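For reference, the structure discussed in these notes is given below.
Each chain carries a letter (A, B, C, D, E and F) given by its place in the written order, and its residues are counted from 1.
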Amino acid sequence: MTDAISEGVDPMATVDVLLQALPYIERFRGAVVVVKFGGNAMTSPELFDDFAKDIFLMHRVGMRPVVVHGGGPQIGEWLARVGKTSEFVDGRRVTDAETLEIAQMVLIGKVNSQIVTALNAMGPIAVGLSGTDAMMLQAETKDESLGFVGAITKVHPELVQRTLAMDMIPVIATIGVDESGQTYNINADDAATAIAGSLAAEKLIFLSDVPGVLRDVADPSSLIKQLTVESALDLLEDQTIAGGMVPKVLACISSLEEGVGSTHLIDGRIPHVLLLELLTNAGVGTMIRKGDR
Amino acid sequence: MTDAISEGVDPMATVDVLLQALPYIERFRGAVVVVKFGGNAMTSPELFDDFAKDIFLMHRVGMRPVVVHGGGPQIGEWLARVGKTSEFVDGRRVTDAETLEIAQMVLIGKVNSQIVTALNAMGPIAVGLSGTDAMMLQAETKDESLGFVGAITKVHPELVQRTLAMDMIPVIATIGVDESGQTYNINADDAATAIAGSLAAEKLIFLSDVPGVLRDVADPSSLIKQLTVESALDLLEDQTIAGGMVPKVLACISSLEEGVGSTHLIDGRIPHVLLLELLTNAGVGTMIRKGDR
Amino acid sequence: MTDAISEGVDPMATVDVLLQALPYIERFRGAVVVVKFGGNAMTSPELFDDFAKDIFLMHRVGMRPVVVHGGGPQIGEWLARVGKTSEFVDGRRVTDAETLEIAQMVLIGKVNSQIVTALNAMGPIAVGLSGTDAMMLQAETKDESLGFVGAITKVHPELVQRTLAMDMIPVIATIGVDESGQTYNINADDAATAIAGSLAAEKLIFLSDVPGVLRDVADPSSLIKQLTVESALDLLEDQTIAGGMVPKVLACISSLEEGVGSTHLIDGRIPHVLLLELLTNAGVGTMIRKGDR
Amino acid sequence: MTDAISEGVDPMATVDVLLQALPYIERFRGAVVVVKFGGNAMTSPELFDDFAKDIFLMHRVGMRPVVVHGGGPQIGEWLARVGKTSEFVDGRRVTDAETLEIAQMVLIGKVNSQIVTALNAMGPIAVGLSGTDAMMLQAETKDESLGFVGAITKVHPELVQRTLAMDMIPVIATIGVDESGQTYNINADDAATAIAGSLAAEKLIFLSDVPGVLRDVADPSSLIKQLTVESALDLLEDQTIAGGMVPKVLACISSLEEGVGSTHLIDGRIPHVLLLELLTNAGVGTMIRKGDR
Amino acid sequence: MTDAISEGVDPMATVDVLLQALPYIERFRGAVVVVKFGGNAMTSPELFDDFAKDIFLMHRVGMRPVVVHGGGPQIGEWLARVGKTSEFVDGRRVTDAETLEIAQMVLIGKVNSQIVTALNAMGPIAVGLSGTDAMMLQAETKDESLGFVGAITKVHPELVQRTLAMDMIPVIATIGVDESGQTYNINADDAATAIAGSLAAEKLIFLSDVPGVLRDVADPSSLIKQLTVESALDLLEDQTIAGGMVPKVLACISSLEEGVGSTHLIDGRIPHVLLLELLTNAGVGTMIRKGDR
Amino acid sequence: MTDAISEGVDPMATVDVLLQALPYIERFRGAVVVVKFGGNAMTSPELFDDFAKDIFLMHRVGMRPVVVHGGGPQIGEWLARVGKTSEFVDGRRVTDAETLEIAQMVLIGKVNSQIVTALNAMGPIAVGLSGTDAMMLQAETKDESLGFVGAITKVHPELVQRTLAMDMIPVIATIGVDESGQTYNINADDAATAIAGSLAAEKLIFLSDVPGVLRDVADPSSLIKQLTVESALDLLEDQTIAGGMVPKVLACISSLEEGVGSTHLIDGRIPHVLLLELLTNAGVGTMIRKGDR
């Protein structure tokens, strides 16, 4: 579809569309937008490419995007490739030293590198960072039984701020580190939340494989487009929000309390979903904000 | 036509168009673009509004526009309004003290003010300047018989540069001044040329009421899209370029010699012609550059 | 008289006078001094020239002057010139669209330009601004029945501050603007008061055609040289201060409350009254300050 | 031995030693020192730890170290681990897409990360970079038959310079990238040479597993402590310098021509060899400089 | 002893010692350390030389030392040399105009100059200042009967801060001045205390001719290594701290209250006592800090 | 006389005088003016006070004065006071170690201090420097037989430039230093010349006890007001310029060759001679400039 349009596009129509985007451009000018990149968008080459273009364009129209990513599927694939079998405790994978080593290689050396390279192919603006750089993500053991899985104890945002001040895009792999130099695998949603809070970002956007908060999880048309913290808490209470959505909604609430302007749960499976959300009136996904009362 | 499109526009089509504009955005990022504003675009409210939006969007996608304007028709209208009749020498109007006074009022107090106000209605980014501010356009009498018509002797571009460094849009009325404080009416094409040269601008664009350089002045379809300085000189020599187009083409050549990257003669009667020229592949008007030989 | 002295002046006497001015220079070094320029000083060529020299010298001995001006008489003259007759409501002129247009042209294109040019003839240091530049004077309709007369809702002083930071003299025409881009004619006393407050200026000086606050309006020798806010309020209460002096004294009191250091009502009909006030012990006019009680 | 000394160390002896180091500290204050890290120093945990301490101390006494590293042995180990067998052309390994993927993961995600983490465990000063960040190492295919092995076409040193300007230590993995986003494995000696040249570094130090340039390769006591470019060329000519030492000496000569102050070939197998070389009179390895003639 | 070590020092032992100092270097990196220089260290050429080297090395490993000095013995010597006999009131010397003149000459022209010169012989980093420069030490008469002995009324630390910001070492002679330009001799302990407070220094170190606070003044082995303010007050109360130590301890307490991090009373008769204190675990002298209770 | 005028001064006359000074203020705005202070002006309390006021006012009207001073008479007085008798070689005093010690004390601790204090009594703007600060005046022995008399080998003007950049007045005592830390007494005329050259000062002014260059040394009315380098060389050749004037004129010529704009020999015995020279048309003393030929 996209191709069909672009081929025959009338220049005047182009101009018209650009002008329609202007109020959105204006609204988010200078805004720090932390994007947690994950799910299918990360593994489908087409969606990956769309994502890179979206982030690049966001930068070019004046936003200051910060990309935070994990890489669960890619880590799993590499564990399989080297024949590493994992122990599980209560159904959760234990991160032993070898698993951590592979996780770091995959997150920093592969996933992060791919994102940085895809962005820089459009212009030299992305810098790959990991939570170990300048001790950005200070961490400690989250749960002894899970091995080197870390909980963030403090974010040192200076390096991210300096990268933004250089007008560049920080792309952050979520490896944490403690003062002894021990590294930890950090949940990327947690890292994005903590980073957005430390930057007092204007927006925190989670890209995942669901449409947003659904009133009826089986019915995509039951999407709730806007929630206040209060109404989100109600939905958590009555278990309308359940399963994997619970930690994401809690992360949103927590970051709003740390000063983030608004949080968004959007569907990374939709091509160019970031631009749709930020520069059109399409209204994809769920936005959670502090209520007005 | 524009309205028809904008009403029913599909968000995905919007995104698609934005991404098509990205290479153009990238190419002109940070570029100083001096736009000589004049002709119908200045007197038609619709075209005026289009022009303001174009300049604003140019700024928002990273260009650094500088607007230079005259105001011949508006001056003429006010001279009539106060019942002032002008003397003419060789068919050219003599600028006596009263005419100069009215010209200044109209240029600085009316035309400049309108442009600044239209831009600032979208965001507080425009600053009205005149060539008398900080002695920006230093001038002297051009031709004794024409009165207070000035020739620029020196441009002091610091105030323009500082305004650009503040990330604002300078809008310049072309009144010049000499060291004694005597002011002069300056031809706006000349002023735009001198200012673009003093800034080593990437582009100098003349908006006027013709399609560009035509091989056959009677045939709009004979538009020449690109010219080198050398081929332009040939066309001047064989009088293909004639009449009012001569000084404009000479101004282009002169500014290219002072370091301007490229010059453009485009048709200000086309809605959003600036965006068409800069952010699409529409290719309106004539571009003149230094040749490669 | 002045000439007689300057011709025969003994260099040693010159030095002596300069040294006497030193304590005054020292006291006001770096001080932001907002001067409302108006009245005869604006229309008499000699007083106008004196004013420009005074402002220039103030700058050269280390003060940071900001000039705010209206232009009632010049506007009136141009309304007459174009044969515009005004409606009046309760004795006050209604500013219809045409009147506003002429007011802007005169204020920005004529009066502002004259001041800027007169200053720059001594050195390239003045920049003409209007309240529409970067939305400096945000305004709304003051009184529906008076048309486009504006009341200031907010001052955005950044552009003035940046001009001062460039070591230049801002000269401000008092046209305001609302967010839709509609402009308004603003009373220059009000604008000077609001600008001085937004800058937390050290001094706000009103130049007008009266000697200052007189105990007996018929007796110029009854000038009150100093007033506290409290005593000024008493004089307003008992109507010693009456007529046109009332809004000026209220403006002084209001700006003192916004953090201005001191306010001065001085007689613009006295040659070089600014220097007399600021650099000698002549003590012209009335100074109003916060009291010590 | 080291331990024996450190245990019983007399504080006054400590002070004495510090003061002896002072002239060396003084000499290299502010100097950019590019260190190519490789060989045994990279794989022995003790030597790795010594290296990190040396780099950290160099920073603390005022030098500005830049670490450039490859990771051949670690890449080989991981290729084996995933059962990847390589093709060879003329005895040189072919870097196919899968090999490149693993090389990147190992270099960026493992080796770089280890160095950064070891440094940051002493203080938050190291930032991991790869040649893909901000297109630092622009590259192209070196030899079609070897696959994704890159030759550097241009170094963009701005990101390294900015990292140094933040008073941080850049640690650089030698992956290059071309304008299409294709990455390449770059020889780390080449990368260090090009980076040192682009920074006009004061020193370029190669850490490897040989003592330096030996007059007789079989006799470690035949170490040549200093060479001029001219005498090095003589030794290349008469094949005193041969084998693996040839490209290193050529790299030294090439970087000296690009403005590097001096180059050093030192033995990474000696504990704390960097500090020995830089802060004592021990004189380890071979220094090559421009001659005086 | 020092020489014996330095001659035969093994480079590896040097490196070992440097690394042992690293944690201390790290702890005091960037710290402003005000050192009151006095006593024997000032008059013994060997100790003077040691002091200069210590201050220089402190600077080179990242501290920001500020030297404050008096010069009692040197003043006494010069008073004798010119045959000046002093009056005494209650056993304290009266500073008449002639004594003040000689004191200034000796402090600023001799002692300060010697320290600056000794530091600059190692590298151009020291700047001699006196409390009269830019009115740094504003003072008034302390006690009418003692003449021109001053008490500090205000410290203007800007000049010291700017000197530190230039990465230079301020060396301060303790002459104060009042607004009339009258100078005063200021007690150097008082000056160091006030300067450290005004800079919120991390450390204030008094070098004098005693080992520190002794539990039994006759027994050097009774040195108290650490005191809280509270315990110091107890020791003052029970007169364990007595005599000349009282004002120094009170100065320490006063500066701690103004925000100084810790204060130190150390024995200037020990060679390189500053480095021993700051970069080894030797633990010389007495440290007084705010207690935790 | 001065008093008589200042008492009865009419404020309007004051203003008139200030405005007459304006062109002079304008001409020297921002100019670095190096003033060699010496002779009677230094020893007469009245002239000293006039000098301080002149320097202060010069600063306040926008010049950037740099004061360089010696102190021969004061040194002589102190040598006498301590009963030091000097050796003489060819009629010139030998500066032995004791003489140097006293010279430093007097220059830095007394004369410099007095000037700094006198300036700071008007406002906190003066900073005392000596040529030993940051090795500003690097020197070597001038003539073995004269002892510690130094010849300047290099000026390091950074500290002076930074002091000027802080908008302060450097006051420089002319003690030099070599790399070993040995100090030297430097001729103040030489130092002023070298400093002015290193700053590319706009003016270098020598204050001494003669009216300037006289055509007939016995006739003060034979003052030559302006000289080019060429005509000065002619007057040196024909010995019109002779005696003590020779080195001063040579110093002027030398500094003009190093880029100083103009040099002035003026009579320090005239009250406020600096202001007379700089801010009036009095034309005191002799100005030497590069000729136009």
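Throughout what follows, a residue touches a chain if its C-beta (ideal position, glycine included) is under 8 Å from a C-beta of that chain, and two chains touch if they have at least 3 such contacts.
These figures come from a predicted structure and were not determined experimentally.
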| item | value |
| --- | --- |
| Other chains in touch with both chain D and chain E | none |
| Path length in the contact graph (chain D to chain F, fewest steps) | 2 |
| Touching chain A and also chain E, the following chains | D |
| Chain whose average C-alpha position is farthest from chain F's own | A |
| Same or different contact residues where chain F meets its copy chain E, judged by the half mark | same |
| Length of the line joining the C-alpha centres of chain A and chain F, rounded to whole Å | 68 |
| Intercentroid distance (Cα basis), chain B paired with chain A, Å | 44 |
| Chain A and chain C: spacing of chain centres that average the CA atoms, whole Å | 55 |
| Per-residue overlap in chain D, given as positions that touch at least 2 other chains | none |
| Chain contact graph, described as a line, ring, star, complete graph or other shape | ring |
| Successive chains around the closed ring, taking chain B as origin and chain C next | B, C, F, E, D, A |
| Touching residues on chain F, where the partner in the complex is chain E | 78, 81-82, 101, 104-110, 112-113, 116-118, 120-121, 124-130, 132-135, 156, 159, 162, 166, 168, 175, 177, 179-181, 183 |
| Partner chain A, residues of chain B touching it in the complex | 1-2, 5-6, 9, 11-22, 25-26, 29, 53, 56-57, 60-62, 122-123, 271-272, 275-276, 279-282 |
